[in-house]
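One structure is given here, and the rest of the page talks about it.
Chain nomenclature is as follows: A, B, C and D, assigned in order of appearance, with residue numbering initiated at 1 for each chain independently.
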Amino acid sequence: MSPELASLLRILAAVGLMLMNGVILIYMLRRVLGRLHQRLGPVHVGPQGLLQTPMDVLKLLTKEDITPTNVDKALYFIAPAAVFTPSLMAYAAIPFSPTWMVTDLDTGLLYTLVVMSLVSMGLLMAGWASANKWSLIGGMRSVGQHIAYEIPLLLSVLPVVMYVGTLNLSSIVEAQSGTWLGILPQWFITNPLFWPAFIIFIVSALIKVNQTPFDMSEAESELVAGFATEYSSMKFGLFFLSEFSNSFIVSALAVTLFFGGWTLPFVPDEVLAPIAPVVFMLKVYVGIFVLMWIRGTLPRVRMDHLMQFAWKILIPAVLTWILVFGFIIKLFDLGRPVG
Amino acid sequence: MGESVNTLAFLVMALAAIGGAVGMLTSRNIMYAAFWLLWTMLSVGGLYLLLSAEFLALIQVMVYAGAVSVLMLFVIMLTLRRREDAVRSLDFSPSAALLAAVFLGIMYYGISNATFPEVALLAEAPNTADLGVVLFTMEGGWLLPFEISALVLLAAMVAAVWWTKGQDRR
Amino acid sequence: MTEPHFTVTESGLMTPEGMYIPGEPPKGIRRIPKGVDRLGTEHLIVNMGPQHPSTHGVLHLIVELDGEEVVTVEVSIGFLHRGIEKLAESRRFDHLGTLMDRGDYVSVIHGEQAVALAVEKLMEIEVPAKAAWIRTLTAELTRLASHLVWFGTFGLDTGAMGQFLYAMRDREVLLDILEEISGQRMMFNYVRPGGVVADLPTGIESRILSFCDTFEVYLEEHDALLGGNEIFQARVKGIGVVSKETALAFGLTGANLRASGLGFDVRRDRPYDAYPELEFDIPIGTIGDSWDRYTVRMEEMRQSLRMIRQLVGGMPGGPFTAKVPKVLRPPAGEVYASVESSRGETGIHLFTDGGTTPYRMHYRAASLFTCQLFEEILPGHLFADACMLLGSFDIMLGEVDR
Amino acid sequence: MWGKGILNGMRITMRNMLRGPITVRYPYERVTLPERARWAVEVVRDESGAHKCTACMTCVRACPDHILDLQFTTAEDKSKHIDYLRYEMGACMMCGLCVEACPFDALKMGQDYELAKLTRDELTVDLLVDVAAAAPARAKKASEVPAGGTDDSRGGGTDG
């Protein structure tokens, strides 16, 4: 098989995974939120309501696509794609196992974060093009929050990068294999040195997921549906899909950076190799469950509190922590560069 | 096949970059212009990627496409008093045309007379780690200029914050 | 090319078709101010409602926004107007309750109680002790149910979905109890001049008490879930401060007034039915911000629980209704009776001419007074806070528009 | 400490999750209505199917919505013959005032809460129609109505 064909197949696999993920995550969200609220969630269509989301996708696909009269036609059409494409591109560098990944980028971590930062552009486009005041406010809010949290998100992964000396995601995972003092897995999360970075990472990554407590851009009780107000049928579906795909990416990044990716402690490599993708997916889905749990619990933050939190607390904190962390690993010679 | 794919990709990216630039200059809607600019930035990022400068490509996308363009759009939206102000009428200015013609002439002269070094691409392109080494650890590296520019940017940021929030804003 | 939707000029709106809507801008709406200082941003005028998720019904707010900041607000009501006051002129006195049910349709017993009290006052009917106690019991159960709706929707306004569903879960049990007592889940039509329609069903006492036991735990959970949340606290503390003077000037009553530090409660100050015999505290806030309104209502729910326990424990015997004629024919006159409903003082002002129907009925709805406050309170707040403030005041549009 | 309340809230939602769902899956499960539940008005009939209505018009006057319509003809021997007692279910608010007013206990509040009808006309019913006589006609009418017409187009929402 020629390398070009192989990459094409990998890309197609990523697209398939993303679409599947979207359907599965929507079902999971409904069930998890339902249980959190002492409801059942979908149970009627198919066994355990499993067919509910496929049916909804069908519904979205066959629904009439309404274009309001006053919209900026070009941008209105481009916006869903501009939101969807970066979310899809972000799958490229995620290492599902030592061999399962679309491409093993040397700058995989930076790539994923950069690509995800482009999502906000599409949201702004949608907000502007919709010719709707709620949409416009939603778009502006989304860009404001994304810009503010881009910086702490990028900075919060720096301790990991400083520690392992690489931006390659699979190398970062490999650095976390093995055990710590023979009992704890040698994931970065078991090392208290990484806890501040992890907390900052989670807080700023929640913004990317665009759900409560940070769903300001679509804030259903304030902005009706924010940037998505005027969108219908599959255009809306693309926004929706991208949102779920983002929560997958965020969870996958957290697993890769802090929870040891596909690695498991005490499991020999021969056993681990075939089940690595399963281990990775399981970890990611646990992370997504936590995201949904947060979503079902917390109220929404106010926009200016969010901004103040980012610029006045999070960014100074993460800058200070990088400095402290650098001193610590330099003084005690803790860094374990790989490769 | 790899070579032809590369050539094709280069052509697509280059045309996209040029097309975006032209689109930016000719569109009467300032919002469209900003989005065309974003398009150009992304295409240039793709060109960097073709040159195996992936770190530079990513920084290009992040800084220019992700941050600068968004800030421009943000400022445009904030300062537009009315939505229709985004569309400007076409006004022809002879002096601007003259200036553009002079600029074009100089550029043409410069490029046609320049000699480009014939350097083959390295088999193993410098990666991110090498860039870091050159910036920070190498003897006679760029650490001091880097820090100075950081300081300048910080000062600019503080000034911007003071400028926008200083007077009658709470 | 972007087509403009409309031009906001100094004198009105211009649409792309050239249709020109002349006239003065509506009261309270400031058009783009001349000589804009600051950043010179465009002011957005958004129509919040009548179909908006957080206006709790069909309230229509015309909000002028500067960025995210509310500059002016105009409250536009009347989308749910059914003419209850006029309809009352053709309804017999014992049928007025069915109209009042449709007024404030979340705290229903209070409206019926107000009508019943007014008619009793006119006709000088002595209500038997048991009837008064049953009325008070159902009124307090309704107050709990209504406050739960407020709590849930307040949570929803701040974006927390869980609180709403947990509140509805508890309200469901309450509605089951009230259905068992009165026969319907929302429009009870249970209180009549002279007493109540039927005695308490057997075995309801134990059900109410077991509900009290479980709900006591759940209530603390609710308080910890929403009120204990730092994000929520940051959003409500110091937001929407209603000073004592403003509260008095706008005629606020109920929890909104008490949150501002004024301890007026109809149950204590103009006691009716069984309230004089009950022990309860009136929670009072300090500065009148959203947080005070939240804590006052939460405390009211605790006091309601306390009252329900006393009411069930000390339920007297006797008839559940006084001897009243089939067709009520009060003497000509004028009477005002009021009760403390979940939203404030619900008053009924009746004029009679000696016939079987009222000559005129006035329905004092507390929410109407709260509604008028928005034009005063919302400007200066962020838009997100404005949405949440609507929730904190707990208005009921059925009562506002009647 | 800042954040303690948030963690406590997470604990509470998890505790609620472990309590299990309380949903009543309505078409499959049904709750028993309390004895006093008030739904559509019905006529009390004894075993032979006879009703106790004397056409005294009390219920018609008692109805606040004026939805009861009783029409009777007085025969020459002064005996009343009831033509119909029309009841407009679509406008009924089920307040129970007619039942309370009836001096002969001829009316009662029914317990059937599935009152949806396919056509608007079906909402107006003649309460005093002879049940036995009307049965064949009703069966015929039911067969004319296209089957499976329940319009469940609401689908699932897009959230939760």
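Heads up, the rule we're going with is that a contact is a pair of C-beta atoms (placed from the backbone, for glycine too) under 8 Å apart; a residue touches a chain by one contact, two chains touch by 3 or more.
Just so it is clear, the structure is predicted and the values come from calculations on it, not from any experiment.
By count of C-beta pairs in contact, A-C exceeds the other of the chain pairs A-B and A-C.
Averaging C-alpha coordinates per chain and comparing to chain D, the farthest chain turns out to be B.
Inter-chain centre distance (chain B to chain C, centres taken as mean C-alpha positions): 57 Å. Averaging C-alpha coordinates per chain places the centre of chain A 27 Å away from that of chain B.
Each chain gets a centre from the mean of its Cα atoms; for chain A and chain C, those two points are 42 Å apart. Centre-to-centre separation of chain B and chain D, using mean CA positions: 70 Å. Counting partners per residue, chain A has 33, 36-39, 72, 136, 296-298 as the residues that reach two or more other chains. Multi-chain contact residues of chain C (touching two or more other chains): 2, 5, 161-162, 166, 169, 225-226, 229, 231. Those residues of chain B in touch with two or more other chains are numbered 31.
Within the complex, the chain C residues that touch chain A are 2-3, 5, 44, 46, 52-54, 65, 68, 155-162, 165-166, 169, 225-226, 229, 231-232, 234-235, 382-385, 387. Residues of chain D that touch chain C in their complex: 2-6, 8-9, 12-13, 15-16, 22, 34-38, 62, 64, 93-97, 100-101, 109, 160.
For chain C in complex with chain D, the residues that touch the partner chain are 91-92, 94-95, 98-99, 101, 161-162, 166, 169, 176, 179-184, 187, 189, 197-198, 201, 221, 224-226, 228-231, 233, 326.
Interface residues of chain A, counted against chain C in their complex, comprise 33, 36-39, 70, 72, 131, 133-134, 136-137, 141, 212-213, 215-216, 219-222, 224, 296-305. Chain D contributes residues 6, 9-10, 12-14, 16-17, 19-23, 25, 155-156, 158-160 to its touches with chain A in the complex.
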